[in-house]
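So, here come the structures, one by one.
Heads up, the next two complexes both have chain A, just with different partners, chain B and then chain C.
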Partner chain A sequence: MSDFSVQFEGVSKRYTHFSLENIHLELPTGSIMGFIGANGAGKSTTIRILMGLVHQDTGTVRVLGHSMPGDQAAAKLDIGFVSEDMRLYGAATLKWHMDFMRPIYPRWDQTYAEELARRFDLKPQQKIKGLSHGQRVKSALLLALARRPRLLVLDEPTTGLDPVARMEVLSELMAVLADEDRTILFSSHNTLDVEQISDQITFIDRGRIIDSDDKEVFLDRWRRLRLVLPPDGVVPRLPGVVEVGGSGRLPVLTTNRFEPAMVSACNDLGATVQAVDTMTLEEIFVANVHSRRERLTA
Partner chain B sequence: MHSDIVISQSDGRPMYLQIMEQVKQRVAVGEWAPGDEIPSIRQLAMDLRVSVITIKRAYLELEREGVILTQQGKGSIIAPNPGLSPHVYHAELSERLDEVVRLGDLLGLSSDEIARRTKEAANRLNEARLNEAGFTKEIV
Partner chain C sequence: MNYSMVKSLIFKDWYFQRQAILLSLAGGALSLGIVVFGGQAGFTIGLILLVTVMVMLSAMTVLGNTLGERENQTLAFAMSLPISYLEYTTSKILGNLLIFVPFWLALVAGSLALIVATPVIHGFFAFTIIMAVEILVSTCLMIAVALVTESKGWAISAMVTGNVALNVVGYLVAQIPGIKDGMFGTAIYWNPTATILLAIEFALILLLLGIAFFIQSRKKDFI
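Up next is the complex of A and B:
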């Protein structure tokens, strides 16, 4: 078996007003990948290609060892997919949906499904149309989780959830990972959720992957340095600087290749380092997107 | 074993550092004794709702510092001799030195000047020790 649950190689898809260009993506089995992008960046298109719902123009996609879209029927037995626009039957109850899924998926776990209903505070007898947005999302998630899929693909699972529901959902996602053979890919523009539970992080913008790495590597590499320059001093040239802000003698540099040795290097060049700030994933994402966009327009 | 470790998202420090610190505190106050099993990486990740890779990193660094031992496939235990005290003092020294440097910087001292003053302080301590030694000798 492959060590990667998902592999994209050189995948492209062109539409009239949008194109996905040369996507490479590798998701190691047993980990969670957070897929971050602005609205319209290409997250959902990528996920749809992964699911075989949209066919790529070029490139290869392998999911759990199956080639997509060719082998999608076999692959889908092992993939749990939840997206925002996923429709459940409004006139039917959650229990009806559970009974419907049960014979289709051999690994359906009824005990787990009932336990999830309790933990998510859902009433199986209730009709879907009477549910709130959060309850619908949790219902869809329950139906996906109880199948015990080897790969969970979640398109914006926490969007529009209240804080309590979000916490319940994140807890269940982490519980899935107790089993080392199971893998999760989730897209979000809530970087806080992604920062908390992801092992791997991929940034996408305007149809291209702009960065993809271990979360810890991301958080270690990016720093903001606040400097004080002597009169007539110049901003030192440091590796990986993507943004220079601040004012004349008080520049603020954002670098994506931080190393502790940079601080003494600055001092040697006559600039005093006042502070080295760590950055949140959100700040890293925004700085990353800005610098790429500027480079493209420059 | 339930960990009772608490992670703060508004702490500002990386999560792996917060985890390391809390494990060390538990060892320092004797709550987790040498040889005690600590939660597995995946278990703690689930408890804290924090990514596996973050816990893995905290455990790796704790192992490097000699606080815990990890055996492949067997989980992690508190090291027989976690040697925490020197480490704690070193951490405190670094913190105080940072303070000294910040203060010197506020006063407009160059780093050479700060280094010179630190050396002076060390000399004063040495002198005091010598005097004390001489003094005791005289008494004897």
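Up next is the complex of A and C:
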């Protein structure tokens, strides 16, 4: 049995105006991966390939031990999938959807489904077309969770939700995390949501994975150093500097390989370290994307 | 092939098309009633209505079941279920046919029973069967085009083509000596020409559905 629920190896997919290039992605079983990228970065295409809905041109994809897209029917039996552009049948009620799905999934948990309906304040007898956007997302999430999937794939599930609905959805996801065998892939351009629930982070930009690691590693190794240079001083050359901002004698260095020893190294080179700022995931993401794009255009 | 999932998807489509099915049944019964009790004029009007109801049902089910899934963005939900795209295609073809065919069979049987019960139009027996199967060909054309192109425009074009073809085929079949000769007679007849025409129509149905399966199996993007 593989330790990875999802494995992409050298996956590429080309469209006329967009291409996904050489994607390598490994999602350890039991982990929660935040998949972050700007709109159009390739998150949804990657997830559609994962689900077997889009076939890759090259490379191999294995999901829960199944080769995709060939074994997609078997793989999807253990996957709960919710995406921003997924709609339930408007003319049917939530109860109809629950009754429809119950015989399909052997692990369907009706008690849990009803409990989720109460927790999300959903009325199973209400038709889907009468629900608000937030209620529809919660309904889709309920249907994905009640099948007790081994892998939960969420493609921008919180997009368009009001703050209360977003918090309710995220809280439920955090409750789901109690099950250590369940693996979650959570894609979003909202880094705040991802930061709250993920333990692994992958950044994607313009069809390429640009970084992937533990969340804590990201937060530990990315720092902004605010320096004060002596007159005629030069910006010290430090490892992993991806961006130099600020101005004149007050440069701000963004590094992705921060170590405490850097502070003394700066002092030795004549620069005074005024502050070492931690960075949010959003700042890390933006700096990462900018530095990569600058490297590409250089 | 996961037949249990295919069955679930077909039942789902039936559930969402139940109003169209009931409406069509009512329309079909009304048309047959007009044919039976409407006299000379009613016979023609009833037959036209009958064909219209059949075309309407096939259009509503194909547009609703097949294209509606994409238009209403429920395709992602359907495809998140444990099915392959070929199973999805099978469910759509069978689902549409299983909605249309029983209805079609009932109306064709009603029409044939009417012909059998009315000696003066016995000659229409072979022509009616050939034209009824032609309606089935048009429906299969629309199903195949809707599945393959996933476009409402193309599906409507296929429907229009099917309807135009229905008139053209009707005119041409009525000119074929083997059919024309007995058409206005008072005896029920069937001959090798009618068998050949019927075989061509069924071959066309198999070809259309086969092409749809073939193209679907080679598709790489489903959403």
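Methods note: the second predicted complex is superposed on the first by the 298 of 298 C-alpha atoms of A that agree within 3 Å, B and C clash if a C-alpha of one lies under 4 Å from a C-alpha of the other, contacts with A are read in each partner's own complex, and residues count from 1 in each chain.
The working rule: a contact is a pair of C-beta atoms (placed from the backbone, for glycine too) under 8 Å apart; a residue touches a chain by one contact, two chains touch by 3 or more.
In this text, all values refer to a predicted model and were calculated from it rather than measured experimentally.
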{"item": "Clash or fit, chain B versus chain C on superposed chain A", "value": "fit"}
{"item": "Chain B versus chain C as contact partner of A:A74, first or second or both or neither", "value": "second"}
{"item": "Partner chain(s) touched by A:V276 [first = chain B, second = chain C, both, neither]", "value": "neither"}
{"item": "Partner chain in contact with A:L122 - chain B first, chain C second, else both or neither", "value": "neither"}
{"item": "Greater residue coverage of chain A in the superposed arrangement, chain B or chain C", "value": "C"}
{"item": "C-alpha centroid angle, chain C to chain B via chain A, nearest 10°", "value": "160"}
{"item": "Which superposed partner A:I104 touches (first chain B, second chain C, both, neither)", "value": "second"}
{"item": "Contacts of A:M51 with chain B and chain C, given as first, second, both or neither", "value": "second"}
{"item": "First, second, both or neither for A:I32, with chain B first and chain C second", "value": "first"}
{"item": "Chain B versus chain C as contact partner of A:V241, first or second or both or neither", "value": "neither"}
{"item": "Partner chain in contact with A:Q196 - chain B first, chain C second, else both or neither", "value": "first"}
{"item": "First, second, both or neither for A:K215, with chain B first and chain C second", "value": "first"}
{"item": "Smallest separation in angstrom, by C-alpha atoms, between chain B and chain C in the superposition", "value": "27"}
{"item": "Footprint overlap on chain A, comparing chain B with chain C", "value": "none"}
{"item": "Residues of chain C that touch chain A when the two form their complex", "value": "2, 5, 8, 12, 15-16, 72-74, 76-77, 79-84, 87, 220-223"}
{"item": "Chain B-touching residues of chain A, taken from the complex the two chains share", "value": "30-32, 167, 170-171, 174-175, 177-178, 180, 192, 196-200, 214-216, 219, 267, 272, 278"}
{"item": "Touch list for chain B against partner chain A, complex", "value": "9, 12-16, 42-43, 45-46, 49-54, 57, 105, 111"}
{"item": "Contact set on chain A toward chain C in their complex", "value": "48, 51-55, 72-77, 79, 81, 83, 85-92, 96, 100-101, 103-105, 140"}
